[in-house]
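Two complexes come next, and they have one chain in common, subunit A, joined by subunit B in the first and subunit C in the second.
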Partner chain A sequence: MAERAITIAFDVMGGDHGPLEVVRGAALLSLESPHLHALLVGDAEAIDQALAETRHNGERISVQHAPAYVAMHEKPSAALADKPEASVLVAARLVAEGEADALVSAGNTGAGVLAAARTFRLLPGVRRAALASVYPTRTGHGEKKDPFSLILDVGATVEATAQDLVAFAVMGAAYARIISRNPNPSVALLSNGTEAMKGPPRVVEANQILAGHPGLRFVGNVEGVDIPKGTADVVVTDGFVGNVCLKMLEGIGETVVELANYAYASRLSWRLGLAMLSSGLKQLKDLTDWEQYGGAPVLGFDRLFIKAHGRSRARAIANAGKVAAKAVSSELARAIQEGL
Partner chain B sequence: MSLPDRIDPHPARHIYRWDLDKTYLQTDFDSLRQLLKTALQKASQKTAVPGAATLIRELGASGDSRLCIISGSPVQMRNVLEEKLKLDGVEWDELVLKDNVRNLLRGRFRALRGQVGYKLPVLLESRVHAPVDAEEVLFGDDAEADAFIYSLYADLIAGRVEEPVLTKVIAAAEVYPDDAARILEAWKAVARADPVRRIFIMLDRLTPPAYFSRYGPRVVPVFNYFQAALVLLGDGLLTPAQVVRVAREMVQTAGYNLITLSNSFQDLLRRGLPLQAVAAPLIQALEGALQGPDKVLAALRPVPDIVNAFTRRVAALGTTPPLPPAKEVDYLQLLDDARPRGARARDKAGKGARKSG
Partner chain C sequence: MAERAITIAFDVMGGDHGPLEVVRGAALLSLESPHLHALLVGDAEAIDQALAETRHNGERISVQHAPAYVAMHEKPSAALADKPEASVLVAARLVAEGEADALVSAGNTGAGVLAAARTFRLLPGVRRAALASVYPTRTGHGEKKDPFSLILDVGATVEATAQDLVAFAVMGAAYARIISRNPNPSVALLSNGTEAMKGPPRVVEANQILAGHPGLRFVGNVEGVDIPKGTADVVVTDGFVGNVCLKMLEGIGETVVELANYAYASRLSWRLGLAMLSSGLKQLKDLTDWEQYGGAPVLGFDRLFIKAHGRSRARAIANAGKVAAKAVSSELARAIQEGL
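Presenting the complex of A and B:
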């Protein structure tokens, strides 16, 4: 049976590499996935210039002009108030109106989340949306044995209640089931100890509720050390802690690379050692390549928003589009709603 | 003054010239296996590019046109190709195929893949016998040198190309002397006119459309024949109802839908083709077709959605860009396009190797 046609709205502006990489990503998608259509939202002239030079399938791409955009450094609420025709807001509106099925943006995260909050509806039972992120771990997860776990929230909701944390757990589990093809993902709460009574009152309360939740495989609390170990498939926390954790993981990764570079430059013996390890390191890099995973989903709305990394190149953008399409075709929103 | 031997009661007012492989027929011959498969296919196994057969039939419906097909397929395939065209209800006036066995036997190996030395003399010789005022629309693809050859042909008969330029092109394309002589002879015999209105290039390889801007706005790269039909509607060569029939075939045979059709329409607008005015009559024709018992078109969507899809694609752009101005094509700068694709690839690989060396 032919796959259902799905349209992904891409906020073309605002990424670190400008419109070119997003247009190239959408072009790639138009060549690789016949059932996917890209709706490119942004400066029509810039999009056309990029598109004209890029191999693409014009039958699967359309353009919506948006005269403004939110830059990375801008304060989201003020920027969206000043620019009602900003590309991310226009794209979100098109998704809300049914012109597209999901939104992908590599631009300002806050503006994207705010645009989604203003135009999409929260699912019944969800009080606050959550930004989820995949991160590399020591163990494989799901059917594909991929080395990534999911952590949420990483910044959409700074202060979460116990009910919010429970909703995040349900949303994260649904996402892992559908996108990571993990039929029964393990879910854990991030705390300062594995005992159920450890942590602030909201975490303790959430632990009690989750322990009795029939639709989840709740494995209790995990500590920070368990995050890179991959003890759980889905780690639940509030946006403040989640964001700190995520940035720390990124920082560690960058520091390791810097140390390796330092070692490479310092001594011949270290250089030789690194050269011998290079194929293994390359494999490791491929395994943990965030570009393969496209971006971070914002969960909890009736429509899906995938926040692609600001540094995303074409391949990462195309993958973000594929992840969004998979979530749409698998009816992620309905799965979350049923879980709640 | 002597009268011509025969006066054609219905001289052609329009001539449509088509390539076959990858333009009319969906053909894969990029590998030896695909080539063999193509050669052994029966007529019923061959598939036309969606919309192509209907477009040809609709263009011929006025009764004052000629269909001239020139293909690089070998003459041994004539029966199969003729049968396929008949199966599709396509009536042709000329069908020229390539005699590659003869080329092989005579040791003319360059001619096996060469395009300029084969197509240019055939086009010019055909034009010699055409009415001076007959306008032409040409259809090719991006797999070989069609944009180059068709543009050169158009500019040759319009008198925009000088003999030294043509000579250099012939040399660069490694055309054999007898074919070169045919080109020059036919060119000199052709009555000077400027009849080529459009050159459509089917983007079989999805070459970026901007690649063809070097040939000016006369060359229109298209992703499908709905786009070609829209441009021909704008040019007054088709009616809205005929365009709807082309779309209908594409919906029926290749699963085109409202999104792909309206995206195709917007794609042309974004390239500066002034087609805003055709949207309304086209929608009207679609509405008219939907009044009847046409189940294929009815499967598209309800009429308001059709209206919405097309008008929204126009409105979405704000202002549309202007069509790039026509400019003289510098064939000497584009000589690389005149050479067989294989030779181009080999040259590029050689240059790359020299650079890295």
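Presenting the complex of A and C:
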């Protein structure tokens, strides 16, 4: 690299489709995005083999060998302890050391979050990181009428204090501003009622703080029904509740298909319509498969980590790389810090 | 009443459709269920007027005047303090005093739960009550392949301890056995992962206790994706998380319709199928409208309270009355107590 491009470190190992799809995603990026450089971290032999059979621009790709990796089923802390040279940890270290600007991984989520936590630094004012997820909604958001909302935390911080929830709100709003180009995103707190006094003490306290926060367009509490509706651009909750909600959303796609089958079996006059719809329903299912859309950012660190879905194919990986680059060039971390 | 039938006290006031639909529901019951007696509590003039225009069996209906009621939008504790003769409180008192065997209300949920808490007694071993909800799933449950699961708590106890969660598991299993006639229901704990160690401390501790519980078929932790799937017959969580999940389920029906519209707009070849489906989708929405199905029982007290949905029409009210009667005749409270 003569002039320094934005470099994205890709953990090539550990996704559901092995190194090939991640390498293909980076190859796409090398052809499409002249300002990006992909640093591929993983088994060098497998990477070279994949590159050999994939069209790419070799000037925008480099390879860093890592002799081990964390598999999907492994327990993150034990796996990282056993394998200090696991690809996700090597990649995170390269980002922490400034060799790359952001990390993308389609592997074990917990291992990725842990690798980030061990090598990146929390931003001043952030006590706990959050895994944010972009998910499809019924309403458009921002100027571009983007049909996606952001929900965080979805699993990095299982128990969040009121202060954590406030930090999540600031981080989510900054991400929506920068990545979704939504200049003034609405931010809501998930609770069991819209009234400010509803919910457990941490939620009630966070509501009070957020209501007086000058830098946020806080719209108060929302309820579960508002998640698929997309009432707010950014939905804030703790990692336990957010994880349950996100996985429910993932389950909805399948449920729609099954309910349609149930209806199919129940009433003759629906059958033609349903038969015609089968391909449509499959696509609806994909629409509810949030992680097709650029992956889930881990927010709160000085460096960005984008967790792509384990099932990601090349296009999803390339998108994750583009989102990471956008966050880097827009100085997302600084925007978060200023918001706190 | 010569021989003592099972008497269900109906809070006639406060539902979305006023007293008329509740009275009509009780009237249906009086024609269909010879072993039941309906005690209608509310504005006596409105009740008498509704009865005058509805076919019913007068021998199985009696009326208790209550001069006030709690509206949907009112804050439960303030409303009950202001109106000691509110219909829901009068009805709960009649149940507590043995004038009736169970309570059914389509009014303000919080006021109903509070009225029950003030007049009924918690069963020995139960520290907090739970509002349970029957909801439709993709899988059949029990011998009759009932397409419904039970989730509790969905809002009575916002913060639950490990012991509370264990009590909820016992109560939910007893309800599934008796009401859903599922002799050996599977019981699961909602968490952010299936592993026993996943989740906040209260959930991890509850998992340990439930794993050693002799009277339950505990199947471990389930995740959000398992809620619409119906992986377990009874899903146990705290009132905060359960409320969020339940409201998400309610929102799914609407979202399905909206997503279909989105697909309709996006692709020509889907249109015919979707047009034919519009009535089908509306019924799918109803299928996800859990409260059409008998209402939500409040468990943990010596007396049963069935909270029917505010939108309930006569048939839903009659069903709630039948479910309440089934619980009384099967001695649900005793079954719960034996399970603890």
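Note that in this section the second predicted complex is superposed on the first by the 303 of 340 C-alpha atoms of A that agree within 3 Å, B and C clash if a C-alpha of one lies under 4 Å from a C-alpha of the other, contacts with A are read in each partner's own complex, and residues count from 1 in each chain.
Everything that follows uses one rule, which is that contacts are C-beta pairs under 8 Å (C-beta built on N, C-alpha and C of every residue); 3 or more make two chains touch, one makes a residue touch a chain.
Keep in mind it's a predicted model, so treat the numbers as computed, not measured.
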Inset, instruction - Figure out whether A:64 sits in contact with subunit B (first) or subunit C (second), or with both, or with neither. - result: first
Inset, instruction - Based on the superposed arrangement, let me know which partner A:243 touches: subunit B (first), subunit C (second), both, or neither? - result: second
Legend entry - subunit B versus subunit C as contact partner of A:54, first or second or both or neither: first
Legend entry - Touching partner for A:200 - first (subunit B), second (subunit C), both, neither: second
Inset, instruction - Using the superposition on chain A described above, determine whether A:81 touches subunit B (first), subunit C (second), both, or neither. - result: neither
Inset, instruction - Mind telling me which of the two, subunit B or subunit C, contacts the most residues of subunit A? - result: C
Legend entry - Of all residues in subunit C, those that touch subunit A in their complex: 138, 147, 155, 158-159, 190-193, 199-200, 203, 223-229, 237, 239-241, 243-252, 254-256, 258-260, 262-263, 267, 269-270, 272-277, 279-280, 283-284, 287-288
Inset, instruction - Would you mind writing out the residues of subunit B in touch with subunit A in their complex? - result: 203, 206-210, 213, 223-224, 255-257, 259-260, 262-264, 266-267, 270-271, 312-313, 316-318, 321
Legend entry - For the subunit A and subunit B complex, residues of the former touching the latter: 2, 5, 7, 31, 37, 44-45, 48, 51-65, 67, 99
